[in-house]
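Labels run A, B and C following the written order; every chain starts at residue 1.
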């Protein structure tokens, strides 16, 4: 059980000494950057292996070629433009409506009772159903992807904002009313900073979910856009072309998430994480 | 009989860096079986570090430390921490069995016996979350005694409890100790507590040196209301006050 | 002065206090009724909106609620749904099993070692943002028309969540319990089994609950694209026949069924495994 029985130790090495005695190449090999490079290399390796294993899976080289061809044909920017237009309107609408309903639900328990079930139902309806329905209702135009984006993403904004508003501590609100802080200043200094983070998180969710919605609606609709173009390649059984589009729309959402949304959220939640 | 020998022990954190700080310096003492030894000193004098080194959780920088048990088998240690440190997902009894090597019937019976001694026989199947802080600490004490340790280490076990609960637990600890006669090394910053419980008090001074080694020769059981205990407590306190003065004057040198 | 105050407090006639209590009870009851009324109103508003939509688009493009309800009854009565539902549920759980088998060890590595954290971090976060349609079509390309496609899609969607949550859980392990175990001479294996794994169980459950709602949708989506059975397959078949009523009926049945599964299977299992947590104990006993 014990370890110290008859132990006679003169001097053990401390952790800093051990660190100094590790050779530089080993430290470099176990650094974070090396790990990231290794991750990237193993991802490529797995991809190549998969493409060798499954005949239908296109390899990296083929995908890069197809990507180049799509750029050369001028298919990329036009389709991205129309998709971003639909996606932007859908998400903007979802943000505005979602914040309005979310604030209502957060402030009054009665409006929460009213909106609770509709939000629950909306959360559980799959995007594919909205895509099917809107394509039938609105045909192959811009309206179907816009409405699908809006309907799939709005419940996520509502839930997040409502949670944020409810979280504004009762004590702080009571404190403000005892000191007779004017309502406008209460909203500006108390409610908004506390809720901003939740709004940002909700919008991030909405963007990720809505991006899936817009792609689905374009896939089943016929009005152009990146989803439509990806389906065109898929139907033609040319999976290389499909994979090239996957790279594009995954790349888009990853860049948006990392360089815009993530920063915005961190800014909005500064007060909490410090 | 278990013998703990500590010789010229020193500990320096961040050795070899500009932030190096020496917390223990040239500590030498020996504890022979069935004694209750307290290590007393102001906060930051290295008491807890010394205990961690004895238990093997932390490593020392130089010096010797050894623990021998009578039958030649490896010595067993028990530990009571400042906080209860119970696994919240295990019942009280399973918590006590977790630290046992032997999982047999006899060990279970022993664990139950110690649980009974701390007055928690009825709570064997409770989860720690269902017990109060004082009860949890009692489980921690029972757990440490139940491993039948050659050396029992206690790190300010009552410092997080309210005064009344702590007083009750001190009395209980005296009773259990009187029945089991383990070798105990007890760390505390509370001199009054140390005098009430121990046979011997080792006083550490800031900088991690032994300032004084005081024997306490009072009959047991000791109660706080006893005037002789109170007199001795006042005397030891006065000596510590003197040490603080000394600490202040020698600080620039250290 | 103080005596007077005490006297005033006790002198308050008990009848008055009872009256005030009854008043408070009445207000509370009124509030409860208002809440219930609004809850019903919420459902009514949804139905009304739906009825309005069917009137606007015609019942071929958006069937009326009672038509969909009758369709659902028809499906249930015919008994067809059992095989499709069980197929979909089994595929979802198989996908979960694969995701847990891959995601949990990855999360463990990420939580324990800085190197593996850096190694997996980017991939896992990116995998979490990839749209579900990509997973669905990719699984289809890899496996063609088979049951393996939906399983792979569910696994791909769930694994990142599970990995992230397990990593979070491992890093949240109470260090003081580990030192306690070391002080009592426990072996690394015992510490792993008794301290680390119980710590991460709630995190794994949170992950499973979080991604269950997403997972069954992705499962259905993959079946829509290329399943040979299951709810998604039925939805696609009915859609190709332009029977929107049947599409909606299948969807609502599936939603209801999945909510029941979530309550019955997941909540039960969680309550039993986490009985030690004070907030879970009420449901477990």
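The rule is short, and it goes like this: a contact is a pair of C-beta atoms (placed from the backbone, for glycine too) under 8 Å apart; a residue touches a chain by one contact, two chains touch by 3 or more.
Note that the structure is predicted; figures quoted are calculated from it, not measured.
Q: Greatest Cα-centroid separation from chain B: which chain?
A: If we average the C-alpha coordinates per chain, A ends up farthest from chain B.
Q: Would you identify the chain whose C-alpha centroid lies closest to the centroid of all protein C-alpha atoms displayed?
A: Chain C is the most central one.
Q: How big is the gap, in whole Å, between where the Cα atoms of chain B centre and where those of chain C centre?
A: For chain B versus chain C, the centre distance works out to 48 Å.
Q: Take the average of all CA coordinates in chain A, do the same for chain C, and state the distance between these two points in whole angstrom.
A: Comparing mean C-alpha positions, chain C is 19 Å from chain A.
Q: Centroid from C-alpha atoms only, then distance chain A to chain B, rounded to Å. What do you get?
A: 52
Q: Multi-chain contacts only, two chains or more: what residues does chain C have there?
A: 184-185
Q: Where in chain B do residues touch at least two different other chains?
A: 55-56, 77, 101, 147
Q: Taking each residue of chain A in turn, which ones touch at least two of the other chains?
A: Within chain A, residues 1-3 contact more than one other chain.
Q: Within the complex, which stretch of chain C touches chain B?
A: 176-177, 179-186, 190, 194-195, 198, 275-278, 281
Q: If you look only at chain A, which of its residues touch chain C in the complex?
A: 1-3, 30, 32-33, 35-36, 38-39, 43, 50, 54, 56-57, 109-111, 113-118, 121, 123-129, 132-133, 136-137, 208, 211-212, 215-216, 219, 227, 230, 234, 239, 242, 246, 249-250, 253-254, 257
Q: Spell out the residues on chain B that touch chain C in their complex, using ranges where they run on.
A: 55-57, 77-79, 81, 83, 85, 87-90, 98-99, 101, 127, 129-130, 147, 153
Q: Could you please specify the touching residues of chain C with respect to chain A in the complex?
A: That would be residues 34-36, 38-39, 41-43, 45-46, 57, 61-62, 114-120, 122-123, 126, 129-134, 137-138, 141-142, 144, 184-185, 213, 217, 220-221, 224, 232, 235, 239, 244, 247-248, 251, 255, 258-259 of chain C.
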